[in-house]
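Take a look at the structures below.
What follows is a pair of complexes built around subunit A, which joins subunit B in one and subunit C in the other.
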Partner chain A sequence: MCGEMENTEWNFRPVSMSDDTDSTAASCYLDEKTFRLSCGLFLEHSSFLNDGWAWEEVNGSEKEGYMKKTVMVPCRISSTPCQSNQSRLVDGDDALLEEEQLCDQDEAVGEPTAAEGQAAVRYEYHVLYSCSYQIPVLYFRASTLEGRSLSLEEVWNNVHPNYQQRLLQGPWDTITQQEHPLLGQPFFMLHPCRTEEFMRPALETARAERKGVNYILTWLSVVGPVVGLDVPLSYALAVGPPAPKAEATTAASTASASASTSGPD
Partner chain B sequence: MLANSFLNSEKDPDFRMADGSTVKGPGTQKLQFAPFCSALEAGFWHQLTQKKLNDYRLDESPKSIKGYYYNGDPDGLPTRLTLEFSAFEVDGPTPVRCCPATGILYNTNTLEAFRSIDKKALLDTEASEIWEAIQSNAALQNPSILNKFILLTFADLKKYHFYYWFCFPALGFSEGIQIIQEPVLLSQKFSPKQISALQGAYDGLCTTNNTTAVPYFLIKYTEEDVTAAPLQEWEAFFTDLKTVTVGVYDPCTLPQHPGWPLRNLLILIASKWGAQVDLVEVLCYRDRTLQGTRSVQHSIIFQVKLPDLSASTGCPKSVGWEKNQKGAMGPRSVNLSECMDPKRLAESSVDLNLKLMRWRLVPTLDLDKVISTKCLLLGAGTLGCNVARCLMGWGVRHITFVDNAKISYSNPVRQPLYEFDDCLSGGKSKAFAAVERLRKIFPGVQNAEGFNMSIPMPGHPVNFSEETLGQAQRDVEQLETLIAAHDVVFLLMDTRESRWLPTVLAGSQRKLVVNAALGFDTFVVMRHGMKRPPGESAESSPSSSTGTSSSSSSTPGPATLPAASLFSNIPGHRLGCYFCNDVVAPGDSTRDRTLDQQCTVSRPGLAMIAGALAVEMMVSILQHAEGGYAVASSSDDRMNEPPTSLGLVPHQIRGFLARFDNVLPASLAFDKCTACSTIVLEHYEREGFPFLSQVFNSSHSFLEDLTGLTLLHQETQAAEIWDMSDDESI
Partner chain C sequence: MTKLHSSNAGTFAKMSDNADSPTESQKDDPPTQQPPTEDSGLVDEKKKIDVLLKAVGDTPIMKTKKWTVERGRTVHSLSQFISRFLKLEPSEQLFIYVNQSFAPSPDQEVGVLFESFGSDGKLVLHYCKSQAWG
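Right, the complex of A and B next:
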């Protein structure tokens, strides 16, 4: 993840430098500890809601991990790429492997009815901490039930036409393919270069209103819907920022001010 | 309401007819189950590949694996049994609120073994194990035994093609199961109070068992209360056996059918208590959360009458092999080369990285035009290596090298495609070694080719023998063919005269030529003027201007281009070539020179700078609608609206490293040019090789006489005019 896009990073960095000198401006950055704590609070509510988020440790180590959610989306066989020919036929000699003698599923629901129309695409969302950008990054991939990953074009084709128009102007153009830094598998990533654009106003508003903000929640509720990930409204009421003592890097005075008005309950 | 519409859609006439049991009212209908649909995560295939390569190797013996299923899906999703990368850790955790299913993996070494393995026998073995577990009560203690599966795989790891076939063994009643009360939604049968009590009872059971999902459970309910118990407490829990209610964690979402896991449970009940039990009420427990709201009221509930199996000793018949995507009894297959083949991954990453430029910074960038450009690199030395690397950076796939030199010890430090080992035993041929390295750096460069050949040069005679003459002719033909097969020709050689032949050939073929040449701390990168295609009426060549060395050239250009002056707004077809500024023809520049004059002695950074600029200039030219015919941008245009999405399209970039400065001069084609003037091109096109060999074999006076340079020399000397006017500075 690190160092891939010096160019963008460079555009992004100068803002942070000015942040360091101007203590009144809200910082768009997040240290890893706060990331973990914010995720923890988010996960707590998710498990309360049964919303499907979980913390995945990598190689069983406490140190590395990410927040993950899998969502299945039904799709029609005929109209979608999830069952396209290239995905299932590898040689075209499948027919040779068929065995009629096994055909006696008397009590099964007639497969044509049950299986036709009942294909699905699996969307997998990962929230990772990026050390180089010092912010959370959303990775995702979509795959068929056979395990084949969809190309970005196929993912795009699965987006409802009503949304396509809007997304073209929005942050869809920041989606890029990257190797998952922890799994080493190809994933799509919402590039962090636009994060500051929407986090700064949100954080500044919250600061002005002396409200505590859970960075993960605010961020995810903006970037999630872009790639079909919903964040139920009840998170906003239930999930606050980590307790002030945990915010090691925040100036003590401002942290306590923001936390005293609204803490996690 | 939603439920009703689903019920209706389920009464699909085709379905009923295919089944043979049309609507005859309750009591005669047989219960049908929605089979599992296998669902594999990419991670599973990655892990299987690792296991096959590192652990299993040729071992075909059965391996334990693990999958899971979930009862919280929204409507419309198929009933799935999912295997992910963790499938190989049988003792690992099951995802929250999911039920585990254990399986046996048979990974064969060949497609033939996959084909010939006896599927019926595999199924029978598993089925009798389930039957044994029922008889021995082991299934009561550990009901997940009822949900076993078999997975047959063959992994073609050369192509990243995977063949697989799942089996979900289910024992069956030969006469089917009679429905007594048709399935209804739980909300139609239970009051809200009962539903919430049921939820509480189920959650309590999970807590007691220290899990988050229970596959099978027993239920008793009254108007006021609902209680639940684990399967093994059957005898103690049910006092009245006339009608019992069992709960099954149901992964199906169909409103009329239970999922597969119920099948073996009903066999168990019929075998254990078939003699006593009259009616079985089945709750297909479905528990989902949508937008943060939990719901179980869409669970379905129905009553069936089970045949009595308590007396039977033999294992009932079994089914379970999954149909493929075509609905036939056959394996499924998936091609994962796109996400697993490292070469494919490298290619898509390179392309996606380039697309980033378009997405974020230059939306109108035409990348395909760049990527599909065929580039001929004449010279695989310092400049050639750097140009090639930069072309790869732009995703160019078609790169051809021409060079006749071998790699020497001094090369690798400046020529980034070579290493020390390439210099040993006399050194590898540069053209071949460069191609080899390109493929190593990026296998996506499929069309890389090297030609170890010399380029005949003016003043370097080729007429020593028939053989040398023949060789020169073949070299010329080869070069003509190569230039014809490419879109852009890069001149990256270390001598001036070796650039003459390709300048003539490419000029005649109207190919874009990008030329880079180095001094000690100065360089020039330029595109050659591209003459109009032969068919088009050539506008009168600027014969009035006699080149940069003459003061008479300050007269304005032809009337057709009022805005064009000598140095600005020069269209591509009137731009000069590398030789246009010369008043002497190219000759043998290495003769009578000391070693340091023969070699390219330049500051090491210069070739990288010039090589990169040459490629970037090509890319900018390609982005211009008129390509090589684009009007030349000059230093004065730096403040104006750029002609392409990437900026200016200059004629020349002249760099001065001592001052860290570049200028962008543009100059007109010279009508007495020894390479690109009409008279030279016409002679070449008319006479071909005989004309060229005359140039190679003669001294420079031949070309000078032909183009009129000799005459010009005599005139200028006679007049002794050397008035370099002040305004002629760059």
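Right, the complex of A and C next:
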């Protein structure tokens, strides 16, 4: 699966950490095979936790696919975008009633820019592999129970406070709207241009202590919380790196195939 | 869980709750609040854990690397503390890793991290800062 993305506007230049070819961990790149194997190990633990990750095949091929998870989260959503979806009438009780029903808000809808309410929002996360940049990329979309897509502003409002300021300051994690490379539908995407920047320290540190890294686990643990995706701590204990050798790789594939209902390779 | 020896307490600086940069006098502070009985020492042990902060790459090394931290303190709070200590720009992001290569959730309590990844009576956390956008 090589989903080509609109990348002409990116400044991202993949940088190789070193010429060391002992393991893929030496490079900040991720080759597609390691992507699949790493996802497989990740999915094994997900299956154990039953926390909703699954492997989606592309074109009916086991070897091509992406990881996907859907989760309901309480979010703050504004009543304003909902109102703007139809020609909104300020005057008239009928209009207000209609908006109340559609928005499913507890508080009365009054001012145009009024209240935010708590609502369950459906977040759908996709972990795709980018052939162009040889790194994983996180796509996601969010919608209310009524099926209304969240606006970029609403998505930003639900970013963890730890990251909100940085997101505003610099585009290391900019959230942009992109067409999903495989589904062709509008998604949000977490800009991957700084992937190398936070992967390099983890890869360096692990290498210094002679430990392997599950690229997907490390990567997702960093980018996930930015967009409300939690990676439970048990993953860090349970999920290891894919074995570098071919024989061990085969064993891992076998284990992956038998462990859960969905898994790559 | 490894027992925390009272003789080590002096080598770990107390991390202030309000995330201010520590003063030198905070180091080697004995627990003056509690009477020096073994029971009180154990109670004090359980409330706090020892953290060793290691810089990665070009990230500035903290002058004080060893900290005693309340168990209930979150990764987010710790991150803010380190950022202020290192005087990071608002645009600079701090990354924290446990077990070398896992970024704990910002809401995660350090006490929980210690239970899972602590060894030799301390929790080792690696940290690294991103480049500021110029």
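Please note the rule applied: the second predicted complex is superposed on the first by the 158 of 265 C-alpha atoms of A that agree within 3 Å, B and C clash if a C-alpha of one lies under 4 Å from a C-alpha of the other, contacts with A are read in each partner's own complex, and residues count from 1 in each chain.
Operating definition for what follows: contacts are C-beta pairs under 8 Å (C-beta built on N, C-alpha and C of every residue); 3 or more make two chains touch, one makes a residue touch a chain.
Every value quoted in this text rests on a predicted model; they were computed, and no experiment measured them.
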Exercise for the section: Considering only the touch criterion stated at the top, classify A:D230 as touching first (subunit B), second (subunit C), both, or neither. Expected result: both
Practice task
Considering only the touch criterion stated at the top, classify A:S132 as touching first (subunit B), second (subunit C), both, or neither.
Solution key: neither
Problem - subunit A residues touched - subunit C or subunit B, whichever exceeds - result: B
Practice task
With the two complexes superposed on chain A, say which partner A:S221 touches: subunit B (first), subunit C (second), both, or neither.
Solution key: second
Exercise for the section: Once the structures are superposed on A, label A:V213 by its partner contacts, choosing first (subunit B), second (subunit C), both or neither. Expected result: second
Practice task
State whether A:T205 touches subunit B only (first), subunit C only (second), both chains, or neither.
Solution key: second
Handout entry: Contacts of A:A120 with subunit B and subunit C, given as first, second, both or neither
Key = first
Practice task
Identify the partner contact of A:A54: answer first if only subunit B is touched, second if only subunit C is, both if each is, neither if none is.
Solution key: first
Exercise for the section: Figure out whether A:E197 sits in contact with subunit B (first) or subunit C (second), or with both, or with neither. Expected result: second
Completion exercise
subunit B and subunit C footprints on subunit A meet at residues 230, 233, 235
Exercise for the section: Would you mind writing out the residues of subunit C in touch with subunit A in their complex? Expected result: 54, 56-57, 59, 76, 79, 90-93, 95, 97-106, 108, 112-113, 116-117, 126, 128, 130-133
Practice task
Over in the complex, which subunit A residues touch subunit C? Could you list them?
Solution key: 160-163, 165-166, 169-172, 194, 197-198, 200-206, 209, 211, 213-214, 217-218, 221-222, 225, 230-231, 233, 235-237
Handout entry: In the complex with subunit A, residue positions of subunit B that touch it
Key = 10, 12, 14-15, 18-19, 30-35, 37-46, 72-80, 95-97, 114-115, 119-120, 123, 156, 159, 161-163, 170, 172-173, 176-177, 254, 257, 263, 289, 291-292, 294, 319-321, 323-336, 338-339, 345, 348-349, 352-353, 355-356, 359-360
Completion exercise
Interface with subunit B, subunit A side, in the complex: residues 5, 8, 47, 49-52, 54, 72, 74, 83, 86-91, 94-115, 118-120, 122, 124, 141, 143-149, 151-152, 173-174, 176-177, 179, 183, 185-186, 191, 193, 230, 232-235
